[in-house]
Amino acid sequence: MHYICCMLYITRRERFSAAHRLYREDWSQEQNEAVFGNCSNPNWHGHNYELFVTVKGDINPETGFVIDLKKMKQIIRAAVIDKLDHKNVNLDVDFMQNKKASTEVIAVEIFNVLRPLFIKENVLLHSVKLYETENNFVEYFGE
Amino acid sequence: MHYICCMLYITRRERFSAAHRLYREDWSQEQNEAVFGNCSNPNWHGHNYELFVTVKGDINPETGFVIDLKKMKQIIRAAVIDKLDHKNVNLDVDFMQNKKASTEVIAVEIFNVLRPLFIKENVLLHSVKLYETENNFVEYFGE
Amino acid sequence: MHYICCMLYITRRERFSAAHRLYREDWSQEQNEAVFGNCSNPNWHGHNYELFVTVKGDINPETGFVIDLKKMKQIIRAAVIDKLDHKNVNLDVDFMQNKKASTEVIAVEIFNVLRPLFIKENVLLHSVKLYETENNFVEYFGE
Amino acid sequence: MHYICCMLYITRRERFSAAHRLYREDWSQEQNEAVFGNCSNPNWHGHNYELFVTVKGDINPETGFVIDLKKMKQIIRAAVIDKLDHKNVNLDVDFMQNKKASTEVIAVEIFNVLRPLFIKENVLLHSVKLYETENNFVEYFGE
Amino acid sequence: MHYICCMLYITRRERFSAAHRLYREDWSQEQNEAVFGNCSNPNWHGHNYELFVTVKGDINPETGFVIDLKKMKQIIRAAVIDKLDHKNVNLDVDFMQNKKASTEVIAVEIFNVLRPLFIKENVLLHSVKLYETENNFVEYFGE
Amino acid sequence: MHYICCMLYITRRERFSAAHRLYREDWSQEQNEAVFGNCSNPNWHGHNYELFVTVKGDINPETGFVIDLKKMKQIIRAAVIDKLDHKNVNLDVDFMQNKKASTEVIAVEIFNVLRPLFIKENVLLHSVKLYETENNFVEYFGE
């Protein structure tokens, strides 16, 4: 049976626990609080982020896989989770230097880090979905 | 760092607990039961509805936000949740007058209520997803 | 292998969607609202209740079971779920007649209905846990 | 009120518990383990699969439904769940004969089974999403 | 109907997002890392904590309540959540001064803060359960 | 600050995906189906089991820990998860030899395996809770 036909979307969930803060250095603390509220606490706060990475590709007829999920997990952990988990998003993460630590920007930067790594595996990064809390999440499709 | 590039989708989850009933006044109770089953109970039943509202827009380079989530939450609560929570969908809700209280129709009406409110905030309402139970949900994209 | 030793607790989750209202007939609507808030809406509201029934007993060495879960499910559905699902707790439910439809009282009444039925199956009803929303639940142990 | 306008997506969640194994008969056990890891255990392993079936269609102005969810549930259970639940995906399932029991392939085959059945109900099968674990899922849109 | 008989346990879930760090000032960073691992990151990390507060008491026959859940929520929010949410557990929280910010200690301190407040409401604080992640939680019963 | 007072309960969640079958070799297939239903399928079926292991002990004033969660995780993974995950409970698991693969019995055997290992860590194994599906779980306290 050959699945020449079949484009599938594969999603892997990973999690990281990190501290962050929303603020602009060129603003006073008053301005930061006016815009960012308690998210600008100078002593930081943090979250258990949930990350959903989705790639798409054709089923490999030899294995029935689009991509080996063990490989997919390794890529995400090495390039993203190991850099963010138990870290400070603003201070500790190379790909977040000089960037705002909003959920939106973290999602975009994770997408930009992962896209070339999945191209090497012959699948296309489709989207990065990032939950900050159970009530709020963002999704980025590289557009 | 400017994100002129980046279209993101932001989702906010809200919940409301409401009573409702599926029926047509121009049908007998027998007809209503034949089509709507126990959902047509004349004494009502109810649900903990879960609502996921998704908007899309560009990242504001000044804040790192597409939209301030506090603002997004206020809009949804004032226009939708305060009208539905601890209410009877058929009897108490202005935007549901003379409409069927199916999950499909509630989702469409919530979409129609929210769309103009988000345009004022310079983001586009992308979708309204509404869970009636953990096993059933509908999604509407304004098409 | 004989498990003469082993007391186990078995829990079955069931769900029901129902309308209800908190109020006293001998109080004015103003008094009812003062005490019960929006839960006293005369037009009703409703919930997806989640029910966790726990029984305890020894493992039967012949089957490895404390109780057959299919039997446990049948008992709960026939005695509780079929009476509450898609119903009005205040108006439609025999074992709730003339009782307050608070989560506490519903849990106690479910316990009282189920206790004798499980004694016939040679297991002891240990507890009834009832979620009204994801944030609120009560548990009753028959004490 | 007529909803001539409104295309909605309706999703039903169903679950099945099944055994499976990833392997090729034309490979040695060593080759199978090298590619499929512990998923190729000759004694099988298993999962609680979660299936999300999404159909799309216009709201029927007579009922407020796109499709009666009871009907949708019956179709999925008869054609898919009854064949997979408490079964061995590799050995017991007619539509999986001679196919690899990867999550990707199961999702494609479920889609192919369901598509014609929903056409008869005047709705279009939009996607099949299949969770193997809480961390891994695939989605297929028939492309 | 009087429920003189009935002791019930009522649980309220609340959430807070906070930064923290595990370390001892009297230890070197090497010692801290040896014992606390990446939890001792000097730049902090954080979590979405989930808190379950359980009180017990008799049903009030006048209302059907053990305690008004709105009151219970207000008490927990004012005394606990407002102090922890979007804060640094080590630096910002009065009842955590000079204490280790482990999940165990946070749970004990929350219990000690809440116990006298619920006594005033004529219910007994039964337990505080605190989730640090979806995989780890602690529970304290005041013993 | 010394917590000489404080007995805490720490819970770690782990998961394993396994095949199993309920049957007695000394019964015919007809007898097995009459008692165990589709759980006796000779070709096996399987589950994503969720395991909650709870230990109790005093807070160590030096660390703020009852037990290092990394150590707790290692113990559970080495003694339980590595033996059950991606395995056949009836055929592959040393501590399940000649035992019925019911959720009850698996929970008891996991408890018996873990109890002595935690005694060495100076904490007491309090309970093993095992979910077979989202609707069914058992709990064993060693009684």
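In order of appearance the chains are A, B, C, D, E and F, and numbering begins at 1 in each one.
One rule holds for everything that comes next: a contact is a pair of C-beta atoms (placed from the backbone, for glycine too) under 8 Å apart; a residue touches a chain by one contact, two chains touch by 3 or more.
Just so it is clear, the structure is predicted and the values come from calculations on it, not from any experiment.
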Statement: Shared touch partners for chain B + chain E come out as A, C
Message: Tell me which has more C-beta contacts between its two chains, E-F or A-E.
response: A-E
Centroid-based (C-alpha) most distant chain relative to chain F: B
Message: Counting residue numbers used by both copies over all numbers at the interface, does the chain C-chain F contact come out same (over half shared) or different (under half)?
response: different
Chain of greatest Cα-centre distance to chain A: C
- prompt: For chain B and chain D, what's the span in angstrom between their mean Cα positions?
  reply: 27
Query: Whole-Å distance, chain A centre to chain F centre, using C-alpha means?
result: 33
- line: Check: chain C positions touching at least 2 other chains come out as 134
Message: How do the chains pair up in terms of touching? List each pair.
response: A-B, A-D, A-E, B-C, B-D, C-E, C-F, D-F, E-F
Query: Contact residues on chain D for chain A in the complex?
result: 22, 24, 35-37, 98-102, 104-105, 107-108, 134-141, 143
Parts of chain E lying in touch with chain A, wherever the complex brings them together: 15, 17-20, 38-39, 41, 43-48, 85-88, 91-92, 133-134
- prompt: Quick one: in the complex, what on chain E touches chain C?
  reply: 1, 3, 5-14, 59, 62-66, 68-70
